[in-house]
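You will see subunit A twice below: alongside subunit B first, and alongside subunit C after that.
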Partner chain A sequence: MQAPAQFLARSALQSMIDALAARGYRVIGPQVRDGAIVYADLAQVNDLPQGWRDAQEPSSYRLTHSDNVRCFAWANGPQAIKPHLFAAQEPLWRAIQTDDGFRVEAVEPDVRPLAFIGVRACDLSALALQDRVFLGGPFVDPYYAARGTEMLLIAVHCSHAAATCFCASTGDGPRAGAGFDLALSELEEGFVLEVGSAAGRGIAALLPLTVASAQQIQAAQTQVEAAAQSQTRTLPSRNLRDLLFANLDHPRWDDVAARCLSCGNCTLVCPTCFCHAESEVTALNGKETLHQREWDSCFSAGHGYIHGFQVRPETKHRYRQWLTHKLGSWHEQFGRSGCVGCGRCIAWCPVGIDLTEEAHAITGETGHDE
Partner chain B sequence: MSRAMRELILGRVRPGAAVTFFCLPKRNVTKEKGTPFAGPHYGGFPALLAKPGGCATRAIRCAATRSDSARRLPPARLRYSAARRGPNYVAVFTMHTNPYLPHVARIVERRQDAPTIFTLRLAFEDAAMQRQYRFQPGQFNMLYLYGVGEVAISIVSDPEEETMFDHTIRVVGRVTEGLAKLAPGDRVGIRGPYGRGWPLAAAVGKNVLIVTGGLGCAPVVSVIRYVMRRRADYGKLTIIQGVKHSADLIYRLQYEDWARAPDTTVLIAANASAGPWPWHVGPVTELITQAHVAPDSSVAMMCGPEGMMIAAAKILLQHGLGEDRIYFSTERNMHCALGHCGHCQFGGKFVCRNGPVFDYSEIKELLGIRGF
Partner chain C sequence: MTKPRVAIHKFSSCDGCQLAFLNAGAALLELAQLVDLVHFAEAGAVQPDAAVDIAFVEGSITTAHEIERIQNIRANSKYLVTIGACATSGGIQALRNGKMQGADWIASVYASPQFISSLDTSTAIAQHVKVDYELWGCPVTSRQVLQLLRDLLFAVRPKVNADPLCLDCKRAGNVCVLVTRGEPCMGPVTRTGCGALCPQFGRACYACFGPSELVNGHALGQRLSGLGLTSADVAKRFLFINAGAEAYAEAAAFTEHKHD
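Let's look at the complex of A and B:
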């Protein structure tokens, strides 16, 4: 049933960007900006992070360059594709004064179809989770939904995991399993290509493909396996919900709270965090006001505020909310853990708190449970 | 045939409505047992249901039309979208009003109940919307004050009243202070109703015990009025109110009024009192024993400070009342009321969606634990 894997020569990669643009997509791909890899508008193959590698450790993210021809020999940057669908800040509606009161008008999001190149396996899992949050409940978020309109996803299986990655233990990577339209494995000479959907097949038909050789398919397989093998961090693969909630008094919460700055970086880089705050911005003319939303974090003071009472006054409460939600109550809410093993919260934590370590300490679970 | 489907065929989309096409993997939908994609705001097409947990994972890859304009949406377009995905996908469409948009309502009447408590009687500007508006006691609306913000406020009027709905509001901060300054004729924005209300249908035929603490608790006032109007449907009604100081008791006349109703007992406790005080002095929990709860035929509904509710629940449990017969109305920070913004989380529960009314068994694990 599976169509034979195909091959796209490195020299023909531009044809993929062109084909997507010709189909009316706004093409988004990885690029180096301010010392990190980010997903931004992509017109040229030359803008891809060719020769760049990322070195990630707790509280550290560094890029290094070499003359390697590969464009995807890195794990990830501070953001997955989340900001392109769930915007960090966006207007929702405006209220306009009228003679006898006001009227309300929705602010329409830009719905030009997006095509992403270089999406990671963990990003795809995170996307599926955010879909559950914004589309899966009784209320559909029309802003998030509109950006997903006709979206096309071209994944690249990871060949170079970072030291902070642990997607193999959460089951989310390094190979993209589902949810892509096309998936690429990058080799020196080019890309082994798999089709994941009818829309992907439509794009593949526009590319100068050849049949991938057995060696190429094998090499692609070997490198993704090596990326999985190289991972040293793990999360216990079982549902930690009950263990976490049985350990709300564990002394480790005080221990981690003494290190945590309550800055919220972990929640802002996490591809599955969905918390946001709404607020008003009054226009200068005083005749209308904009209702907007922006990302919020359970580490912020406003998150747990109710008049005259702070639900989470201490850092300990906030870290405990983050971890018990991410690895625990997500199961109740959305049917699985909220962690896809991308490691961002470890690298971007200014003091290097490692949630895998905290989870092991608090639950007493080892990583390799048989 | 769903209304949305009919409107689709007729080529009419309600103004302000958005239509979203979902392209779902076939394995995620079912025609038999499942959750409808439709809530009050949705129409499904065709009669497909989401398998538990299977809805909308990687769902939206098709089209969403722009709101505000009525346009023809040929069903062929749906099938085309689904077909583009491949044979294992099916098109589902939902039509819904943008759930983030408030609707303008007019203040018909304003009543000052106490120095910091007032009631607004409201009606939607759109008469059709007002006619269609339905809610359950214990549910709440998001009230928007122009230029200032939105707050969660319970609906206290009777659900059968069709021309208006009431909110009783206590001034505590920015939005509520601003709302207090409005006069009849002024406009506010309303979204709702949201959440799960009191179990009034399940309580039919049973004794109803109300326990509240603090300054006038709006959510239980809706229950009391509901039961009063349908006195024959319920057994004994016992209202227990606790206040810190006798001077804090508002609605004093109201309580005296209720106390005179048939088969109704009103018990009030103040931790401290001054002046003539005909009621109990001491913690409110001491009154529960006096209430003679019949465990097999009673339902308790509570609202107020969490510490008080927990203490009261413990005593009720000792009296043999089942965990699923003790209900709490809870409060957490709220922004969206749609289950999207995360602020109202109480462990795994979203207070806006799964609550605000919970039975004891649902939330006991985290009750009283600081930080949730």
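Let's look at the complex of A and C:
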């Protein structure tokens, strides 16, 4: 697969969007909406967040604009790929009463293949984990599969880390390692382009590419290394399972529970969280019911409710469930930690609880250097 | 087969929660097929003393007469369901239960206060009679009332969702107004059910659906202070619509005590 790196001039970026659209893809890319970078339908290169930078801190996300020509000089927004494959709310089937019982009808998902422009290393790692949950094993989720299997991914190697990022510590970034069809390194004048798959090569063949210069390749390498080195947050180790389960009675759980709102924002912005609940929406006439699935959270009452009693009645239990699963028992379940270092749970926590700080405190390691 | 009998009663309130029925559109016609609406003054049916299977009650208790009326309704009803903030927590008018006494409020609002005969407090229905189910909201939505009614018609226990609003807000794909703009959003301590209406339009939640399951008022209060709100402003955020809700009253008292 290792071909000489190629180069796409900034002025030719629209040709990439057009090539994807011509191939029948629904193109999704980053845009500024309501003060954040969000991933939505993208038709024009002008809709990309050119000149926008993000400043992220615990419980704070702010965008600033300059006349910088770059479109991808930011770390990440509140969501990326997850909501497009694992829908936040989705009807699965309906049951309709008939004269002699009832019949069940499938609700078919939209099957138009998706192409993402601008996804990051952390989100590609998270996607691989979501794929294992929804596509791995004997029971494939048809709703996720309909959107996820024909997908095309154009990654961007991060050139700027936010203060909340710690992907270098988890080993998931800032360079996208695998799982992309094409990967871009954004320079002022354009993009160094790597091919990651046959589908990616097919798209690259439609673009007006030149051979990237040694200088451009070096500049791309330098900026992704700088993005790694600028990260200050860390996790104590990539496998905290034993340390976390040896500390289930650590006083820090009470301490964090005093600050935690139990609002579940951390879990819903987490790109690897997959918990969901299913419920019925019954028509008033009682003759038809829609069975629907929606994102759930280990901070909800329903998550810990088991036939008549609540196994996690207090915030302390719920925060402990989130952290010990994400950083601990994921190793048994999936062979790695469930954290990809994107830092969303830190920025989007309304009270700024920092997962890395809690992990250090609970496992007895020293805190991050600031 | 006789249809279940339903009554919709009004106490001290703005009538807005009853609109959850009136605004239901085609569903209202369907409802009329399923139940007998024996008392619903806003829609024309008036039999306040009729025995019913389900009584919906809007409004809080603010007069001596209302204390008598609610006892009577309880005695005549199999299920009693409160709809809205007033009936469930005492509503916005429960602000008068606090520092400023009832008489002071009346004098500051009415030109001729001698004609007003009301109690010093506005209290929730559950403080006077047993309540079977509570629907929070200011106002409640058609979806809430019709879903509860459907569950009761099926004779299943209605599902109570006290999850925080943030879950629905994130599912809707809204960008958090607290994190991006420092808006004093009450979503993390507010019960879901409105569809994250305010944040969807870039406005901070003001807790009209009352307390969620696990309210950490101290932590949110502290965060709101960090956004630049005074302790009095933080207390107002908690007390605005549901001053009678214990978790909010406690959070407001804590904030004011801590900073006074």
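Basically, the second predicted complex is superposed on the first by the 356 of 370 C-alpha atoms of A that agree within 3 Å, B and C clash if a C-alpha of one lies under 4 Å from a C-alpha of the other, contacts with A are read in each partner's own complex, and residues count from 1 in each chain.
Note that contacts are C-beta pairs under 8 Å (C-beta built on N, C-alpha and C of every residue); 3 or more make two chains touch, one makes a residue touch a chain.
Here the structure is a predicted model, which is why all the values come from computation and not from measurement.
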{"item": "Subunit B versus subunit C as contact partner of A:S60, first or second or both or neither", "value": "second"}
{"item": "Touched partner set for A:T282, first subunit B, second subunit C, both or neither", "value": "both"}
{"item": "Which superposed partner A:S15 touches (first subunit B, second subunit C, both, neither)", "value": "neither"}
{"item": "Which of subunit B and subunit C A:Q221 touches, first, second, both or neither", "value": "neither"}
{"item": "Which of subunit B and subunit C A:A88 touches, first, second, both or neither", "value": "second"}
{"item": "Touched partner set for A:A347, first subunit B, second subunit C, both or neither", "value": "second"}
{"item": "Touching partner for A:G35 - first (subunit B), second (subunit C), both, neither", "value": "second"}
{"item": "First, second, both or neither for A:F102, with subunit B first and subunit C second", "value": "first"}
{"item": "Common interface residues of subunit A - those touching subunit B in one complex and subunit C in the other", "value": "279, 282, 302, 314"}
{"item": "Subunit B partner contacts - residues on subunit A that touch it in the complex", "value": "92-93, 95, 97, 100-106, 108, 111, 127-128, 131-143, 145-146, 148-151, 178-179, 197-199, 202, 241, 245, 248, 274-280, 282, 289, 291, 293, 296, 298, 302-308, 311-314, 316-318, 320-321, 324-325, 328-329, 331-333, 335"}
{"item": "Subunit A residues touching subunit C - in the complex, by the definition given at the top", "value": "33-36, 38, 59-63, 78-79, 83, 88-89, 258-265, 268-269, 279, 282-286, 294-295, 297, 299-302, 314-315, 347-348, 350-352"}
{"item": "Subunit A-touching residues of subunit B, taken from the complex the two chains share", "value": "18, 20, 22, 39, 41-42, 53, 55-64, 66-68, 83-86, 94, 96, 98-104, 106, 125, 144, 146-150, 172-173, 185-187, 189, 331-333, 335-336, 338-343, 345, 347-350, 353, 365-366, 369-372"}
{"item": "Residues of subunit C touching subunit A in the complex", "value": "27, 30-31, 33-34, 146-147, 149-151, 153-154, 159, 162-164, 166-167, 170-176, 178-182, 185, 187-189, 202, 213-214, 216, 218-220, 222-223"}
